[in-house]
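Both complexes shown next keep subunit A, but they swap its partner, so subunit B is in the first and subunit C is in the second.
Right after this comes the complex of A and B.
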């Protein structure tokens, strides 16, 4: 029904963001998943292959932005296309917020990355569809800090 | 301890993994120590939590920070709270016990005057709520869900949905808010409301009637969004508010598929689906996402025929786009639609087939599956051709075994005529002979065996021969060809075949050449080679009675002889055995090496009498060659159910025939069955001159134990491992003229041994002439002990209960 987990990996397989919305995974499983998913996705050919790949009982919807893979895991019956679109929505917000986002921004500002994530998704559900609203709120929250 | 930034830099500076580990371990230890300090100031605590967050992302252990997070978020400062909640959501999940410590903070924060702090608490609850937290805090969410603040309302909707998932009993509190929530016109809260409806729907059946009533409002929202025209704020690449549309559509789908959904609502849903589907300009991912959701709904609900066709056409349009993602979902959906709308899907056959050569393997796989799904007797010729082209051109070794198996099944189901069937299969062997599974192989062999049309058989064998001569690298093709040449060499000798465009006469030399080439072919794996050589040996033996020229026969003998030194035991044994048979006189060999009978077809067997009598003569000739283990192997290969078929129900038959063949027993057909069985024992005990009987069949020989007017019991030693364990199979046959019912085998062994009996095969009754009953006995005892059984057989015959008892110690082997 909703996203099971969301991952941002770089091409070397280093995690830049990891968020589990589904609490049914053990620590060992989580570590194994990240490794396996990186291997699976890094080996795929971006040009000729779709952005969807089946993984265990889940479907991974992913997209590569420069050196980073944005990956969300959804149920097999959920709509791949709209989750792909929502990933793009998330990235667009990051891009505006960090003003041409790059990997280093995410490395040093990982807590902000999570804060943005929490404004876009709640418990694995998309909660806001207006880019401006998210950005407005983030700007305000930064002032409060 | 340094700042967060310097820590991240230190980690990044590490050149090797070992360096990085060292930095991480040092920092992690320092954070642990500082947490133990009771006088820790808030700033250091914050820095430490931030560092822990970084460690979390790196996949390190962070559990020791859980309580510290709770301390930070209890602070009145907003910045502290923000970090505290952030860390809590990551370090904790609903399974942690410390979660109970969070209840109070969440309760306080959800009543805070600052909307952002309420937002943080809501977000945290939505992410890591446990059923207990859900029950403790739902009243707060209930209050917030009716607030005027859209920012909080949308969050509360989603959190409510999560709470209902955790504890379905909470639905009653949120169900009553639905009418108000769904009348909201702002997209974000509407999105949350839509999610809440879905959760409530799945939480309990009682909720459903009330939720179905929201259909008109959802339809109205969709209508508003689709007809509103351009809205710059909500625009995604030219499509208005795709996320909301997708969410509303999927909610609609769930509600409209409910059985209680009234017809008038269904009609509304039908209308809005048509409207959404026809109003959209396709071309962009966002639009495709909506259309895709629409199509899914069209096929999920009871929709009009015209709407269904519209749906398939949208998918057809998807298939022809350049975007891989769109094509992927189109194929995926078509696969699920094929059962609902087979004809409409058929129309897109050419597009589907063109996806077989797509660059993406997951698209190819779906296209292949779909191709087989739309296959029927009308299009088998075209599609089979396309699939063969796919098999020839593609490098997907993982898809090929699937494709060959499916093609064989489809061909036997829909083939327009036998000739086409053979041609297709042979072509398949030629293009993908290395990707055929063994059961499919035996299917094809059986097909050739079952062919009664002499001309067609000849056609098939010559075709095999010419294909194999053209390409010897396809294992299955070689295997089947060499087998066919051995079986039917005589019918192709002297005919002309075309190899690579040239006419070639099939003579004995050509066949010898083929055998030689196959033996020397080195493209197969070790296992394949052993199998192929075994087939070749059988073929050589069979050809020895089909060849006329004494020189060629001599060559065959030499080939066979050379294998008696083979390093592989299986081949060597076979070659030595065959050598013996080879040296027998022609008359005996003719009987031994006669053609294989067609394997029985299960359905036919029980249906027509005519066939069963045919079968008898056939099966007798099959056992004519049972003296050679290969043919028996082949037979086993051919029959799917392999197992105990030859050794079991036909034991009687076999002993009879064997004695006939070897001629050292005068048993006439009229002789009592008892003597027949002992004859076979005699045969194996006292016949040194007989071509070595295969060890397999001797170990599987049944030893008769008891025989009276009603029943016959025999035991077959299955495995004697000589370590105190033995497996024995008991076989009970009927001698009576009527049905034996309620058969029970009670067996006792000496006290020093243990016996376990499996349940019987089949049932507990035997019809006269019907299959025997088998039961496996497992014995365990002292090593070297002799096996003694006391057997009591209970059964009822003609309504009378009978009992027979006997002792048995006839096994030559010991435990």
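Right after this comes the complex of A and C.
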């Protein structure tokens, strides 16, 4: 009952963010997964197909924002919509934090993204559902040196 | 970090991959040499960041380069340096298959190197530092995936690393339950504690007193803490479902607050929905109780156990959620949130004994949604329908909704041709769950028609589902074999890498069934030859391209087996002569894979040994000769051996031994069930297999389908389940431990034995009073909870929950039944009440009294009370019409004659202070006796009191007589003699009286 990993890929398949909540995957598997998932998602058309697709034993819940795919891998029997909206929640936080986020923000601040993730999800589970609280916390952390 | 930005920019400006590669290698060398010099914190940070970036680009071999420096950063007093240290270890030091023998070794190695840092940072006074350590644990030790079951890493007490793990767990547990830690630490700790408990579950098993305190988190005001503790609570449910169950009333009232009262702090609104994620999680939490099995195999929760008020709350929130979602909703986030709640509500509704109308309504609404142009909606509606139908009792479904699905079958079938494979997959699952004995024929025909058009990744699943349905519902063995062979024929061919569409289990199952059913053998031989000659052509569907069907290898495998074994049964018909049979197989030999060829070689040997005079003999011998040179080991071995066998003179007897008829399969459960995939999850973990078994039982009792038994193998699955159920529970690690009673429980217990009203328990915070109302064998006990701290400290009692009402009345034929009729309010300002109904069914032994466990918070402290209260046979006593001593004596003698020793019991009592006759009369009257004789108080001949009454149980009533006689002169020692019309009851009552007098 949790997110196994969260991926942000651009349309060319470059990884912009990857967080393995589940330490189960070996270095070798991780690389293969990213490639396969990109192939799978990029081949789906956004108009006539759902935001959900099965992959291995998991279900990928994804949405495209401009040139970026935001993808969560969840258990087969968990709530798709809940996690789909959770991705949107995360994107909204990025948007406010980076003040109109774009792909380059993610590229140059790749290490900060993990700190943001750590305030929204932990161990693959939802940790906070209040946007203001996350943003407040992030602003506070930025002041620490 | 300027250097980092420049580096990233450089890479982005690279013209091609080789330039990028060059730049990266240059940087790696640079970092390498820099690490050998003295670097300050900022520089270290910069280079580590670059390394992480390079690593994430796919250069995984740089991982080792920065580990040492990462650990140095961990020890830095600067927050950002420490933060980066944790991040780089988390990313660079991942699980590498080549470095570690097992995941457990990886975990232990990582823990060993970082344990001291973690403990130091967890114990730091700086909460931000605490958070870094907590987050690291959650990210890197979250290895167990509970949904997979196998391959779990498990730490046990004997492991060398166990004390280190335990230290972390202890700290995190103390943070979760600490009254002073803020909610940020609490939510992070509870999620992280879960991570560690998953790898070291023995901790929560042996410390199951932790669970009530962890449950308290769900009552928190901070919704972040609430949502974070849910996964942990769901996990503890596996170990102590009876205790965790106690939160359902609280969860349901929280749901009412959000959904009905719409009482939610404005900031928690996500667009226009109040806390949608939390609502979904809370629904999932309740649903999980119904899906889970207790350690003894029964479902952890059934509706009848939920009190009326709570059940009503749950039904209201579900109804409201459905209504909310059916209103027009603007905006995608809003719509999605409402729908996510809707689908979660529907999936819970089935368990709450919803009415037929309600279920019908839900099915109708969902069916309409299948027409939606929005793919997500179609997908999710299918998903909800699957859950609904799979969970509903099969009979229930067929009694009422059959027609509904029949009408809608074409619609669902159409979805098999949807543009989205996710939708196709779901519609296949739905078709599978709604298929029944009325529709199976159409369903299977349609699925076979669909097969050639199905996506490759769907075909294997499709074949398995067709096979299971055919076997489950077939009532005509010929139909079964025809259908299955047609499936194999249509499902011929393979993808470009040579993997067939249909997994081996399918053809193996057909063979098993043919072997076990003699009347099928000849038929199958004929059918398989026909199909090999003329492959089943898929139906021509207008507007769809005609798919090309290759030779079905699975069909050849079946042919190889059945013709080799039973081919001789049909040899009399000219078109199926042995020669013809051989030709069909021989022609396919070079078209099939090596594995199938090996099978064919054996078939040829069988044919040849059985029919030594046939014209094809030289062909076979030649084939064996040629294949002895094969590069495939299996084929070479077989050919060489078979060739030797034919060319060497060996007696007939020996060769006949080689081709003995195939024995009947025994005790083979269908291997197909293991491949059924996702549907199993829906019904609940342990019950998924019994779903099928249960349907088999209903089927065999159904006259119309009698012949099924001649097709299917002996169904052993049910037996297997029985054996499991009978497994002794002795070595069960989850076995109940006796509940430790709260000190000072006895005075209240004893008071209840004597009096029907009074104080049950009291301390500084809380007081419980009781009143017992008796009506024959029905006893109602009303507890009133009084907040003692209200006056002194002015605090409310919060989170008041009845954790458990533990009955010791025996499981099989309980001597009494408890029913918690009224639950107390969670927040007690002044007072609240609990009502418990007790129905006495049979003789209650004296050690069978129940224990009431409650928990509550008061002024920041957590309290749990485990109090025993008496349920005894004495409480059912009512007075008799015995009016005088004469009657008493007559009955006394009657019982003596009738039952002898069985009906009588003597007991000596020794009292702490003196009693006179009227003391004893008062006591007996209070207990319900009619006193018929008592010596006067000033009598010098000692004390003698006699009385009688009637005991009530549901099964029977019993007459009871007692005499109490002093044996000393001062009124301290007595002898009680009890006679009763029920055998053995006298002893129970005598011991009960002894306890009342002496206690």
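In this section, the second predicted complex is superposed on the first by the 145 of 145 C-alpha atoms of A that agree within 3 Å, B and C clash if a C-alpha of one lies under 4 Å from a C-alpha of the other, contacts with A are read in each partner's own complex, and residues count from 1 in each chain.
Methods note: a contact is a pair of C-beta atoms (placed from the backbone, for glycine too) under 8 Å apart; a residue touches a chain by one contact, two chains touch by 3 or more.
Keep in mind the model is a prediction, meaning the values are calculated, not measured.
In the superposed model, A:75 lies in contact with subunit C only, and not with subunit B. In the superposition on chain A, contact of A:122 is made with both subunit B and subunit C.
Contacts of A:56 after superposition: neither subunit B nor subunit C is touched. After overlaying the two complexes on the shared chain, residue contacts for A:28 are found with subunit C alone; subunit B is out of touch. By the touch criterion stated above, A:4 is placed in contact with subunit C alone, subunit B being left untouched. By the document's definition of touching, both partners, subunit B and subunit C, reach A:144. By the touch criterion stated above, A:15 is placed in contact with subunit B and with subunit C alike.
On subunit A, the surface patch touched by subunit B in one complex and by subunit C in the other comprises residues 1, 15, 18-21, 23, 30-31, 45, 48-54, 79-82, 84-86, 89, 107-108, 110-111, 114-115, 118, 122-123, 125-130, 132-133, 137, 141, 144-145. The touching residues of subunit A, counted against subunit C in their complex, run 1-2, 4, 15, 18-28, 30-31, 44-45, 48-54, 57, 75-77, 79-82, 84-86, 88-89, 107-108, 110-111, 114-115, 118, 122-133, 137, 141, 144-145. Partner subunit A is touched in their complex by these residues of subunit C: 5, 8, 12, 49, 52-53, 56, 58, 60, 63, 78-80, 83-84, 87, 90, 94-98, 103, 107, 128, 131, 135, 138-148, 184, 187-188, 191-192, 194-195, 223-224, 227-228, 231, 234, 267-268, 270, 275-278, 280-281, 284, 333, 336-337, 339-340, 343-344, 375-376, 378-380, 383, 419-423, 425, 678, 681-682.
Subunit A contributes residues 1, 15-21, 23, 30-31, 34, 45, 47-54, 79-82, 84-86, 89, 107-108, 110-111, 114-115, 118, 122-123, 125-130, 132-133, 137, 140-141, 144-145 to its touches with subunit B in the complex. Of all residues in subunit B, those touching subunit A in their complex are 5, 8, 12, 50, 53-54, 56-59, 78-79, 82-83, 86, 89-90, 93-95, 116, 122-123, 126-128, 151, 154-155, 158-159, 161-162, 187-188, 191-192, 195, 198-199, 202, 233-234, 236, 241-244, 246-247, 250, 285-286, 288-290, 292-293, 296, 324-329, 358-363.
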